[in-house]
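What follows is a pair of complexes built around subunit A, which joins subunit B in one and subunit C in the other.
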Partner chain A sequence: MSGLETALPPSSSERVTVNVDAEAAILAEAEETYQARKLGFWFWASAGWLVLLVLSAVFADLLPLKDPTATFRGVARDGPSAAHWFGADNIGHDVFSRTIYGARRSLAVATVATLVGFTVGGIVGLVSGFYRRTLDDAIVAVLDIMLAIPGLVLALALVAFFAPPGTASPTAQTVWATFALSILAVPTIARVARAQTMVWADRDFVLASRTLGTRNLRIIVREVLPNILPAMVSIAFIGLAALIVVEAALAFFGVGDVSGVSWGIMIQNGRSQVDRAPHMVLFPALFMFMTILSLNFIGDQVRTLFDVRESGI
Partner chain B sequence: MAGSGTAHLREGQEDLLLQVEHIVVEFPVGRFGTVHAVSDVSFDLADGETLGIVGESGCGKSTTAKAIMRVPPPTSGRIQLDGVDLATLGAEQMRDVRSRLQMIFQDAISSLNPRRRIRDVVAEPLVIRWLESHRRSPLIRLWERYVPRMLRLWRHPLLRRVGVPLLIAFFVGLALWIAGSAFGTEQPDGTRDGGIVQAAGSVVMIASLVGLAPIVALYAVTAAVWVVLTVLLPVASLPRTYRIWRERKEFWQGAEVQVRQVLEDVGIDADTAMERRPHEFSGGQAQRISIARALILDPKVIICDEPVSALDVSVQAQVLNLLEELKAKYGLSLIFIAHDLAVVKNIADRVVVMYLGKVCEVGQPDELFAHPRHPYTEILMTAIPVIDPAVDPRVARTIPGEPPSPVFPPPGCRFCTRCPNASERCAEEEPQIREIAPGQFVACHHPVAAPEDRVADAPVLIG
Partner chain C sequence: MRRLRTLTNAARHNPGLTTTAGALVVLVGGWLVGLPMLWAFLGAFALIVVGASAVNGRYVRRRLLILVPTLVLVTAFTFYLQNSRGDARDLAFNILGPGGTEAGVDEIVQEFHLDEPLHTRYLLWLSDAVRGDLGRSAIQGQPVSEVIANAAPVSLQLMLYAQVLALAVAVPAGVYAAYKANRRGDRVASTVALAALSIPNFVLAVVLILFFALGGIRTGDTSIGSTWLPAARYVPFGEDPVEHFRHMALPAIALALGQAAGYMRILRSDMIGTLQENFITTAKAKGVSDRRILWAHALRPSSFTLLTVFGVNTATLVGGALIIETLFTLPGLGTVLGTAIFQKDFLVVQGVVLVVAVGFVLVNFLVDLLYAVLDPRVRHVRA
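Right, the complex of A and B next:
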């Protein structure tokens, strides 16, 4: 396009006739985009499951559920029945009611931990990816060290050390468990945020913003952050799923507050009875499995949902 | 080519707006390497003029433009805008100047944030000016002064030059100490005496720790001050935030009028465009929008970094005409960077040809394009495709290969490795820019002969 003549036409018309083929191609592409943006059945199934679970966990007290701490006579280890939908455990607790109540703790601890990890990891990743150089090197070194320590071991060690079971109050144990989980979430989210920040901070619109004399904080918040959020939200959903597992594992190992009801505690209680009363482990495990699957599905879909087409042509 | 010098500068001329003198831009690569992106380039821009900068990819055109905008600032050199040297201005004073100096980019869509609406994108310069007009709290100003200094201190080469050897010494000492204790002679009580090796290890370790202590303390104290300031910052800026928040409606009313006006000026229908996002526009429209963003502060100089290279040919012409129109309407001066010579010929009043970070030739486009005097310019001209079936593309004079690496630029004239006219002198002595014809300047030891000296039947290379 470097011919002299080519640049000359001074008054070429704004209206350009688009030939039919090109138009069809554009329509096909638009259709494709629309299809990609449409959320499929599995997204809605996942979202439906999560909404149902969260609502029933939050309003468990208002639902006609049996008392999760009550022991019923003569039903210990019995399988599902009309009176006890998911059966009863080895001392006669209603498994259905405990599964619903157990969701409270599992979801609450994992959600709070993810939010904390999301905020801290997001800020760390943004700062690291935006300023680069020495600061980035230092932060990456710390993140690498955190990633090198097995997550479950770190969480177990932290909670067992700072809130030993038996001596610390239940609240302290729960708080420390949440804190330990949020520490696990930080490096993963920070890594994603950092990598995305590096990509977006190199774009011309950030340069354009710099040429205006925009301050770094505003560039980070207004130009970079909105672009990296989809990837971060996506990874946060997947991280939430992982933290639910870790929370259950902590409970399984008996650290954190084990006096209450949670999926991990239920599985721990039922593990020795799997041959005689598999429903004790099966139902909380199934709920956990479906929740994690849903979160992963949604995490994947969030990316497609927020994926803005960058070029109009 | 590739020469230095300032013979082409119009010193003393009254209406000079921007004077760029001896700017050098270098980037570190790897551990010891340096990219000599721009080496001693000078040019000036008169009021109302369009200066074209041409050259092949990687010749430092865009880096020069960015250096003027100070993203990043030049390594050395002077950039005078209205008598103020931008190269040495502090970041804060530079903010005041930026409204007079704007830039548009090659990839228009990429230069607009895909997540923001056109209204916000175009109003952004106004928003920045508005935000900056509110006085910042003393604590923020302290933070702004402190952080860059701290970062400079942290990156101070001395710390690394002293710290890294000390760190290595510490580990060597540790290794000696361990070796001594592991392989020393065994004592009656079962321990081992490392003897001189272990003692030397201890001494090295202690000495290196003594040296490291002040460095660690420096890092710790500066970091602590930074953390404290950062935590206090949001609180300290609350009154300012409140003032800004209170004014926002008033500001946006005014801003919307200006955004509308400037969008209409660049030929975008404001009503439909304002609420849309950049990906809904074509390349040409996006470039118009980014021109609108550059115009909204009513600047004096706009630096156009290959503004039409990424556009369709028909759209190129529209955008070029728009630039010409706006230049008259807003009283602009343009620095127009391109590798498309035809475009530059049409729009520029003066052309600078660059090669590998140096200036080759400067002149009026008509004269320069008709009678290029620098061998590189001449070869650039022959690279323009001629739309004429009678012309055999195989006879065009081209030069093989690519420009040499800017990490190791050739000594002497930087073009000497590919120049058809090169002699031994070219590899040793860098040519200085000199006036070879009235208004035409060239940096070459063996310039192409003037038209009147040419043999009659020599092919005329450019149309």
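Right, the complex of A and C next:
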């Protein structure tokens, strides 16, 4: 392009057109970057769904919902109606209110586990990626071993042995289920945090900070941490989605307090009734699907945003 | 004679590929001859390790250095699970199952060395486990290893079918999405993939059962759905191949969809990278057709990440297979595990966890070695 320009005689009109073209290209590129960085409709739809779900789960007691444990007479296995929006299950529970109340347990267990994984995994990853050497080797070996047992099998084994269904109290089972899910979350998040820390700790601004005599802890917190957060948040959203599935899967195997209300328990109870009352399964399954899709989508979007900023510099 | 010499020459020049082929022969041949599965696996495993060390000895030694402590810790964890459940007498009651007497308990404490310290018991247990003795299920009245040996093939078949199906869907879809990168075709394919990734496999399984096995939803006169495929029961392949695949169809689809979506996304992003390289531009300039560029030029260099993930993914696949089996009442490891947890048959739970965990560690180790053996870039680094 520039070679062509110099070869042409410097006529003023020509140069103007060339300038306009260049400006248009830059504008188009800027527009493209802007479009790519803008959060689209589906991002806000996903976020809206999650906010709505969390709010209604938290404030379920204040909402005009039917009692999820009440059995209504004469409606067992009836499909959706004006009185029971999502129909009723095989013993006359209201499926709509159970779906809302069920979100509580599913979301609470998975969220607590993700937060634990985020904190512990983040610290482990930062330390491991920042100090490297022997400490890093040791931590990586431990993480590899934690990942050496398939997640669901590990969670099942922990809960089945340490809080066996029928023997342990419901609270103990829930606590153990949450603990088992946290164990699954830690190595995944730690690996991402470690890889990111290694990238950012090599940047010049970290070296500059070190040259100024900044202590390691301050470098980690002020220079590295803010930069690795987007990747960690992204993986946390995707991990949360995965943990919701594992939580429900535990209910399928009958471990981790199956006496309460949760999506996994509803699907598990409903599948033997699926030919007569499909709505017992379909509505909690739909809620679960939309929640997981939203989480995956937001996780993806956060990562895309983050990538653009990386390459935009 | 000369052909034989050419063959041995080839074997010397490419030991990795030769031993891998040999391992496959051992597996298939062993199956035909009726060799016990464990022995065939061990033989194939040893062959691949030998081949890989011939290709890249340092790498194999380093991996072995990690493999051994991993195996020790995984087995110790599994052992500890069982033994965290109380003192010697509680454990003896567990082994006896319902109906245990005081005299029986004393006998069991003797027989199982339950009065020894924990680490001694671990070694005793490990030496028994290596020889295939995982104890006896009090409830099923059968050795645990026998229970597992009967169930494992079903799980393996299910996983195999799901992987084949997932690749068959994911590769064309990924290539197409990369070809149409960021245009409408890609947007649609990628959105579908994200949605497919977000359907938990057990939800998909229940929905599939509803619409393809139980006749679907009926509202008034109209009904959506069919009763094409069976939703439960297992038919061994040897008994009736057609029925076998008909019974495996729905479980395999339920397990494969999420996997396919994951593979498609990986292949798509790698392929988009490859399509921007110079040799693709060269091929285009020479007038090679798009179809040929995609399948003959771009696919192979784009598929290495896919292959790695294919191996690593066994973990999700194992978990998925366990759930799917319980839903379709296939007599695999998942059903065994679920029943054992329900019946508090802890020796069986322990056995299944041990076999799955150790199998998974070994498979990952093998995939790493195979990768070093088969990827020409890794091979040439050494040469």
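Quick note on the criterion: the second predicted complex is superposed on the first by the 274 of 313 C-alpha atoms of A that agree within 3 Å, B and C clash if a C-alpha of one lies under 4 Å from a C-alpha of the other, contacts with A are read in each partner's own complex, and residues count from 1 in each chain.
FYI, a residue touches a chain if its C-beta (ideal position, glycine included) is under 8 Å from a C-beta of that chain, and two chains touch if they have at least 3 such contacts.
Being a predicted model, the structure only gives us computed values, none of them experimental.
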Of the two partner chains, subunit B (first) and subunit C (second), which one does A:Arg271 touch, if any: first, second, both, or neither? second
Once the shared chain is lined up, is A:Asp204 touching subunit B (first), subunit C (second), both, or neither of them? first
Counting only touches as set out at the top, which of subunit B and subunit C does A:Ile91 meet: first, second, both, neither? neither
By the touch definition at the top of the document, which applies to A:Val58: first (subunit B), second (subunit C), both, or neither? neither
Quick one: classify A:Pro150 as touching subunit B (first), subunit C (second), both or neither. second
Which partner chains sit in contact with A:Ala141 here, subunit B, subunit C, both or neither? Use first/second/both/neither. second
If you stack the two complexes on chain A, which partner ends up touching A:Phe162: first (subunit B), second (subunit C), both, or neither? second
Touch check for A:Val281: first (subunit B), second (subunit C), both, or neither? second
Tell me, which parts of subunit B touch subunit A in their complex? 66, 69, 71, 94-95, 98, 101-103, 105-107, 109-116, 124-125, 128, 131-132, 151, 154-155, 277-283, 286, 290, 293, 308, 313-314, 316-318, 320-321, 339-343, 345-346, 383-387, 463
Subunit A to subunit C touching residues, read off their complex: 79, 141, 144-145, 147-154, 156-158, 160-162, 164-166, 241, 245-246, 248-249, 252-255, 267, 270-271, 274-275, 278, 281-282, 285, 288-289, 292-293, 296-297, 300
Residues of subunit C that touch subunit A when the two form their complex: 66, 69-70, 73-74, 77-78, 81-82, 84-85, 194-195, 197-200, 202-203, 206-207, 209-210, 214-217, 219, 314-316, 318-319, 322-323, 326-327, 337-338, 341-342, 344, 346, 349, 352-353, 356-357, 360-361, 364
List of subunit A residues in touch with subunit B within their complex: 1-10, 12, 14, 16, 133-134, 203-205, 207-214, 218, 222-223, 226-227, 308-313
